[in-house]
Each structure stands twice: as structure tokens, then as C-alpha cells.
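To start, the structure itself, in C-alpha cells.
Here the chain labels run A, B and C in written order, and each chain numbers its own residues starting at 1.
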Amino acid sequence: MSEIPTRAVRELTIRVLRCNPAEPEQTPEWQDFRLEEAEAMTLFVALSLLREEQDASLSFDFVCRAGICGSCGMLINGRPGLACRTLTRDLPDTITLAPLPGFELIADLSVNTGKWMRGMSERLETWVHDAGLADHNLAQVEAPMDPALAREIYELERCIECGCCIAACGTAQMRENFVGAVGLNQVARFRLDPRDTREDADYYELVGDEDGVFGCMTLLGCEDLCPKDLPLAAQIAFLRRKMARA
Amino acid sequence: MRILHTDVLVIGGGLAGQRAAIGARRRGLEVTIISLVPAKRSHSAAAQGGMQASLGNCRGAQGDNEDLHFADTVRGSDWGADQQVVRMFAHTAPKAIRELAAWGVPWSRVERGEHSITVNGQKQTVSEADAAHGLITSRNFGGTAKWRACYVSDGTGHAMLYTMSNQAIAAGIPVHERMEAVALIHDGERCCGAIVRNLMSGELVAYLARATCIATGGFGRIYRVSTNAIINEGMGAAIALETGRAALGNMEAVQFHPTGIFPAGILVTEGCRGDGGLLLDGAGERFMPGYEPEKAELASRDVVSRRMEEHIAAGHAASSRFGEHLWLDIRLLGEAHINTQLREVQEICQYFLGIDPARELIPVRPAQHYSMGGVRTDPHCHSPTLRGLFAVGEAACWDMHGFNRLGGNSVAETVVAGMIAGEAIADFCASPEGALTVSTTLAEEFHRREANKLAAIAGNSGGESAVELTRLMQETMTANVGIFRHGDKLQQAVNTLRDLLQRSANVGLRSQARGPNPELVAAYRLPRMLKLALCVASGALAREESRGAHYRDDFPRRDDQKWLCRTLARWPGDDAETPQLDYEALDVMGMELPPGWRGYGARDFIEHPDTATRQAQLEQALAAAGELDRHARQQLLMPFLHLLPAGLQARNQRLGDAP
Amino acid sequence: MRPSVNRWPARVDVLQSASGLLLVLFIWGHMFFESSILLGHDAMYLVAKAFEGQPLLSEPHPELVSIAGGTVLMLIALHALLALRKFPATWRQYRELHGHLGRMRHWDSTLWYVQVITGFFLFFLAAAHLSQMMLQPEDIGPYASADRIWSDHYWLLYAPLLLTVHLHAAIGVYRLAMKWGPFSAATTDRWRGRARLLMVSALAFFLCLGTASLVTYMRLGAEHAPYKGERYTPSWERE
């Protein structure tokens, strides 16, 4: 009988774009780390090991390490993705990691997506607008909602604000004020929600310009690289049709 | 030194912190939230399965009400909970759900007509009423009499947190992100803010506030295998402990979730079992009914986790190169159900295990999941020993979970406690006590102290490594303070942790980089985590009984006679090596539901001498009062409404009730 | 409708797409007419005369062709002007975009870049072709065209024009479909697959058709070179 070949353990080269703006004399540069691959190793595991064993100053962001909080977006071999749920076995021997472009750099792989997203939320007013909210009677049976509609809203609500769609969008890379797929998707989400009393004319004021839906050039990087597989192309096309008529 | 003034400082941007902040803001106070991470990335987002509230809309929930929710929660807690608080909670939970529904959470809804469900491995058909169509639906969860866990597919926490955050943004509440509270400013009586470190620049800032609210979540990361986020290091509880005034309650009550995926520990929701998934052993056999005939897979978490470990120890595990585990089988739920109601589970299996749960088994093993313990508060979420300090959410020991919390009760607690705390904070600020009297010298003193501490850590050239010590702590906790506990092992754990705490003073840093210095962060958090670990281990060692999630091989029975009490841990001083433990008795004579059997798990326990008396008293009172509706009955047994803010006292309407 | 709202961004976006769509329809139609040479000299002759209005006005009026050319030119100018807003405007933008496309290796983003580049070239090539057509509208016909293409070396203009305009048009149609298409989340993939198929087939078809007729013109031109300047007489007018 033939033997099952034991797979040789790979040695990975992890090439990280290092930069610490707090140390202005340092210029951004690539640094190579070597690391033995382990079974079921994710980039979260790999980077944690690098920090523990090789370079304690390496900066990156992980929170949930389960692909649900959106903290760990980075460029993995040039394309944005969630590092915590990327298995090294799906990558070549050399893995390049760089911070998500389009966001303020904190250090190394850590970028300030939170600040960007808060700005986007404030600008697009991504909350249910309803004048009666403050004196809502909480004891009363809730207003019914069509189950299918609730599912549809949740479909759009699944965005984790990871910023991958911004890093994957040529328009957003060129134009800082573009709200990106993440913003347009959220507007589509609230537009769908009957609890939000805003009308198309209100939404037009938010996204009816070159920084909004008309700025999107249909590059579809967002659609293809959103780690949550949100239906971004459909939402943007939908919003574009509505806003063109608003 | 930079000083920021605000009326209310909320430390933590999870569900609990943001809801408290919104409440206080609505009452006209200036509120500032600080958070380690952007608010929407808080670990509340990870809650998948559901939020408990007795709406009673769907078929499986029919007949549900506050009374049943109360009883389930108290039983779940193994009678360790504060029953008045549980009442406040059960009464407010439906309001919390309805508020969130109005704010935009897309709760899954009841769909009229026939549906196929999976119960006990069998397909059944249920029919939903026309009248309930479109109302908020719920699913079955462990330890509950009714289907009570309201959910949004399996992204419940995510949807709740986003809605909450968006409302906080709408209310104009600033969230200072990537900020870490490293010390509470206090004069021994009154808390008046915190020293906060900017994690991007390293700057230390003093935040002075009339009320300070800790909402920093759990501390799962003191364990090696945990479902918690890696930021769940318990720093909020730790800085409260370090005041020496505030106490941490029931720290030994740590929950282990039955279904962490193996070996990563990432959680797959209890909803998997609630919806009909089964646990299988190495031979592919179902084993839970053998241990728990009545509830099987849906006994409360402490029981299921323990049974699983027992089954593994008995040699029935499946094994992989990482070690032994069991299987979760959700194949029988069908692909359509998995792809709509259990999407996150599907994704987690796909990305972290490389399997399709509609076709393959999921390897699982219990993992640390939830900390029932935390900053001890009164029913108004206020620390009884350090005025001006409030605590909510997982970081608090408000004490509605006792020694085991039920699935879905935690996110419900965050919102409910947030609603109550928001009002309580506003009331406190409006009272004479709430005026900020502290001079800035105190702030300066604390600022100097923390700056010196950090400088000492940064300049330390000692030979210890924070990474190594953290690993040792985590391994000690998982090995010795886990699901099965024993006096010897606990003693060993306390010794090891004490030793580690000493060694942590000699942690040397390799990098002196300015800005976000992750090595420095790990070094200064380590001793705080060790202090929490010591509270857990010492509390567990001292508690010579088994209650809820705290299970001692050497004392397998619940002992109401000696241990119907809450552990309070204080840190006596900077150079103390172990916490000082005190106990606060639970008053059986005030209980609406005197201690008894939980309905699952072990049947034998040592009864409290007052139990029989109280039972008789209750029966007598009821008999004397004659015919009563359930509200009046409840009011007679244990009044609690007066503890709630006026706006939350109204009776909850349900389908079929007159408006 | 609120008075304060600026409707122009919406209009401009629609206008850009509509002008693009009209141009595509025009060029696709144009290809069929212009390829009538494949059906023979008479066919091409008839088409040319038809556009000069002969069937209706009984006399050929080449000015009509000039007018049509002018209209198309204006449409192109409008379209190009609107599209110009999308070009990287600064060196920084150009650098970001270039780096981005290089890293991403993403098909649709790259297609857009192809559109920008082909658009840029079209600006010159189309202008050259159109001014020729507008200034000498009477020089359209089996011999006149063939002579121009071969003896006057116009194939050097048409070959790149053919390639660029069809790349630009086919990609443009695909992107129009994705930009406005009434597809839903569930149908995106199907819709996109079909739009891609349309793009590729249209590109292949029109390049083949165009190449075939261009080669035909060149062959005719080579044969007719000794008689350059002579105009074609349809078969039914010959005795």
C-alpha cells in the first residue's frame, strides 16, 4: 500500500508594510518576517505569533477574530479582506500585507476606519428618522412588519463597516469625499425601512451628487470584495434609479 | 495635562454603555463615551442567537409572560440572583425589545401559516396565527419554558449594536475611540472620572465627570480558550477593583458555552440547538438525553457544558490532531434554514473550519463564554461603596444572572440595565450628591501616578515577558479554574497566579516606539488581568459548594445553608497579593421564589433553613388574599415596581390584551 | 420637490449614460450600413445614396450627411465633456488609481480604465473621421471610400478607430447595464453574466464585421488604385 504523503511544513514569508507616523524619522518600508505555517492558521494567528515572537511593536487590529466586527480589514496580496478569517493555506508562500488605503493610518496595519465610518454615519444620517420616537409607548404591542421585509432589511444591515469596499473602489481611492458602497448601502437600508419617515427627496439631499450615488462609476470592486457578500451592485443601481427620478 | 469635563463619562461603547449614554443624554446631560475600539466593533456585535423577552407572539411562545421569564432566570441562576433585580429585568425586557424595534432593529417576524420545525431530532409542523403575523418572533433557547429568544437571523447583537450606535450618533453623543480608561479618579468615597490613555498616541488625559459608568464587557481573555473578543480583558472591572473601594461580585461564576468551534473557540450560537440541532459524540451517537432526559440539548449552559466534558472524560470523544472534541449536528435543519436563520454559523464554518454545516458535522467543545461576575451594584446600577460609579452590562454584577446566565439574557440585560442606569445616572446628577465637588488637584495626582506607573513599565528592563506570563495565566485558568473545579487544583491556581503577579513587576520591554505601542499595552494590562484571575480563582477556592457554572468535584452539592450568598472581592492595596473576600447573604425571606430544584441537572442540594419557612409564608399570604390576578399576586409576594423609573413601570401589553 | 435641491448631478449622470447609449446604438447601426460593401458594390452605393436622401428627395443631398456628422460630433463632444469629469484630475488621483488597479487585479475596474484610455484616443480618432465625413460628404461610395482607405492610407485611421470604438462601446454597454439595470440581489450574478456575454459577443461580432469590411475596402482600393478618383456607377445605370 502506498503511504499517505505527509505534507512538508511550509515556511511563509510575511511581508508587512511598516510605518509608524508617531516616529516621523521612519519612512514606510516593507519588512519580511519568516514563519512556519501551522494547521488551520489564519492571518490573525500568524500576525499574533509575529508580534509575540519576533517584533513586539507590530501594530494591527483584531477584535472578534471571528469575521464579525470588521476591525481587521487589510490588503492581503493587494486585495482588501478580513485578515482574521483568511487561512494561510489559501495563500502563496509569500504574503504581502498592507494597511487599507483610503483611511487615516495609525501604524503598520492599523487604520482608523472607525473615524471614517462615524463621519459617514453623521453625514448620511444613518438612523431611523421618526419624530415620534422619543415618546414612543413601550408597553404597547409593537407595530407589525412584513417578515420578508424584515429579512430584506437585515440583508443590508449585515454590513460590518470593515472598509473593504472603500479600499476596493477606485473612485473612493481617487476622491476622498465619496461615500462609497458602505454609505450607499446604508442609505438603501434606511430607504427600505418603513419606520424611517424620510422620502426620496430627503435622501437625494444626502447622496444626490458626485460624492454620493452619482459619483459611483460602477467599478464593482465593492461587490466583488465585500467580505459579507452584500448585494452592493444591486443596491447602488437601485438607488441610482430612484435618485435619478427623485 | 489635558483635562476634559463632561457630566457623564461612560467607559465602554457596547450595547450597555450606549444605552445608558442615550438615557442620560435624553435627560439633558452632556455625555461622553470612551471605547477601546469604534463603538460598533464592541463585542456585543458578536451575539448571534437572541435576546430574551417574554413577548409571547409566536406559537412556541404562547402564554409566555414576565412570571415565566422570572422563574426561568432565577432557576438558571441556581438561586444566586437578586430576585428583585430579575423582576425589574423581566418586566423591562419587552419594553427594551419594542424600543429597539421602533429604533430600527429588523427583528425576525412571525409568518402566518404552517412551518416545519425540528424538535428532538424529529420534524414537526406548527401553525402560526393570522393575528400574530408580522409581530416579533422568537426561538427556543436553553433553560427556558417558552420560546423567548427574539432574534435577527443569527446576527442579533450586530443588528442591535448598529441600531443603538446609530441612535447614539443621532443624539450627538461623542464616542472617543481607541481610548482606554486606566484608572478611576476617586477620593475613597466618590468617583469623579477616569484617567484615560489614548491608544493611538499614548497621551494620558483626565476626564472629570459627575457620574462615571463602567460598561466594559467581560473578561474572557484571562482564559486560554474563550469565545470572547480579544479586547475582552476586563480592564473596566480591573480599574474598579484597583480603587480598593468598589467590589467585584461573584467573580468565580464563569460560564462555559457548550459550542465553541474546536479548536479556535469561536462561538456557534445556542440557536443551533434551539432550532433543533443535536450534540453527537465520537461514535456519532446522541448522548444528552441519557444525561438530561427532560431538556436534553436544551438544559441550561452550565449543565450541558458539564455533561459534554463528562462524556469526553468517559472516553466518548471524537479526536483530531488538536485533541478531543464532540460534534454539533445541524444538518437535519436543512440548507434553507441554515442559509437564512443561521447565516453567521454557516460563514464561520466555511471560513474557519472549511466545512459546510448543511452537510458536515461541526467540531465543538465548551469554551469560556461569559462572566456573571463584575462590578457590584445596587438595583439602580450604582456602586454601593463608591458613589458616582455606575456599572452596566457584562462588566457589572447587577446580579440578575447569579451563578449562571441563560442564553439570550445577556444582551437583554445590557439594554434593560442601560435603560435603568440612564435614568439613575440622571437622577443622581440632579441630586445634591451629583454635584462635582472635586478639585483638579485630585485629577492631577491620579494623572501623575498613572504617568509614573507607565513610565516605570516602559523603562523596565526586567527579564520577564508579558506574552509568556499571559500565556501561563490563561493556561492556569483553563486547566484549573475551568468547568470542573477541585480544591487542590484551585489552590495551585491561586499560588501560580500570585507568583505570576509578582513576576509581572519584572516585565521588560523590547520596543520603545512612540505612538500605539502594543507591547506596552500588554505589559500594563497584565497585572490587572492577573488580579481579576486571582479574584476568580480565590473566590472559586473559597466557595465550597457547586452552584450554577461553579462546579466543585469535591463539593458537588449546592449548599444553600452555607453558600446562599454573593462573593464580594476587594483589592486591599497596591501591594496586596490576593483579594479580600467578603460575603453578602441572599435573603431567603425576601424571595418570591425560594430555592428549589432547577428542573434539570443534579437534584440534591442542602436546603437553607429559611426555605421552608418562606415557602409556607408565601402560601399563607396567597391563601389569605384569595383570588388574585397574576400582577396582584406578584405584588403581594415581592414588590419591585418602585425600584423602576416611572417611565418603565407600565404593564406590558401582549397580543390579545386590551390596549 | 424642494426648490433648494440641485437636480444637476442626476441630470448629468443620466445625460452621460444616455449620450453613451445613443452613440453605441449609432455606431452599431453605422457598422451594418458601412459593411454593406460586403454585399457588393451596389448595396453600398444604395446605402450611401439613401443617407443622402435620394429616395425621398429624388436628388442626392450630401449636406444631409454633413448635418448628421455634425450632430454626432456634438453628441460626442457632450459625452466626452461629461465623461471628462471622471478622469483622474490630479497627479495624486492618477497615482492612487494606478496603484489601486495594479494591486487589485480586478476585472471590472480594469475595464473602466480601458474605457478611459479608449475614450481618450477616440477623442482624436473620431474627430478626424467625422470632420472628413462632414467636409467631404459626397465622397462616400464603393470606389470613393475604397480609394480613400487604400490610396489615401485611411486604413491607418480606421484600424485603430475600429478597435478603440468597439472596445469602448462594448464595455460601455456592459457598464450601463450594471449601472442602471433593474436587477435584484438574487439576480445580480445572472444579470451580470448576461451583460458580460453581451459585451464579449458584441465586441467579437463588430470587430469581425469591421475587419471584414475594412479588408474588403482595402482590396477594392488596391484594385481600383489605377483609377483613383473615378466614381462608381451602379449596375442598373450601366448599359
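In the analysis below, a contact is a pair of C-beta atoms (placed from the backbone, for glycine too) under 8 Å apart; a residue touches a chain by one contact, two chains touch by 3 or more.
Keep in mind that what you see is a predicted model, and the values were worked out from it rather than measured.
Student: Per-chain Cα mean versus the mean over all protein Cα atoms: which chain has them closest together?
Tutor: The chain sitting closest to the overall C-alpha centre is A.
Student: Quick check: more C-beta contact pairs at A-B or at A-C?
Tutor: Looking at contacts between chains, A-B has the larger number.
Student: Report, in whole Å, the distance between the mean C-alpha point of chain B and the mean C-alpha point of chain C.
Tutor: Roughly 66 Å, centre to centre.
Student: When the centre of a chain is set as the mean of its C-alpha atoms, what distance in Å lies between chain A and chain B?
Tutor: For chain A versus chain B, the centre distance works out to 28 Å.
Student: Roughly how far is chain A from chain C, going centre to centre by Cα mean, in whole Å?
Tutor: Computed value for the inter-centroid distance: 39 Å.
Student: Taking the complex as given, what residues does chain A use to touch chain B?
Tutor: 20-23, 39-40, 42, 51-52, 55-59, 61-71, 85, 87, 106-107, 110, 112-115, 117-118, 121-122, 125-128, 130, 133-134, 136, 138-147, 150-151, 153-154, 157-158, 160-161, 190, 193, 195-196
Student: Using the touch rule from the top, collect the residues of chain C that touch chain A in their complex.
Tutor: Chain C reaches chain A through residues 1-2, 5-6, 9-10, 12-14, 85-86, 88, 93, 96-97, 99-106, 108-109, 112, 175, 178-185, 187-188, 192.
Student: Which of the residues in chain B end up touching chain A in this complex?
Tutor: Residues 26, 37-43, 45-46, 55, 94-95, 97-99, 101-104, 106-111, 133-137, 152-153, 155, 158-159, 162-163, 165-167, 169-170, 175, 177-178, 200-202, 229-231, 263-264, 266-267, 321-322, 340, 343-344, 347-348, 351-354, 467, 509-511, 513-519, 648, 650-655, 657, 659.
Student: For the complex, which residues does chain A have touching chain C?
Tutor: Touching chain C from chain A are residues 75, 78-79, 101, 155, 168, 170, 173-175, 201, 204-205, 208-210, 212, 214, 217-221, 223-225, 231, 233-235, 237, 240-241, 243-244, 246.
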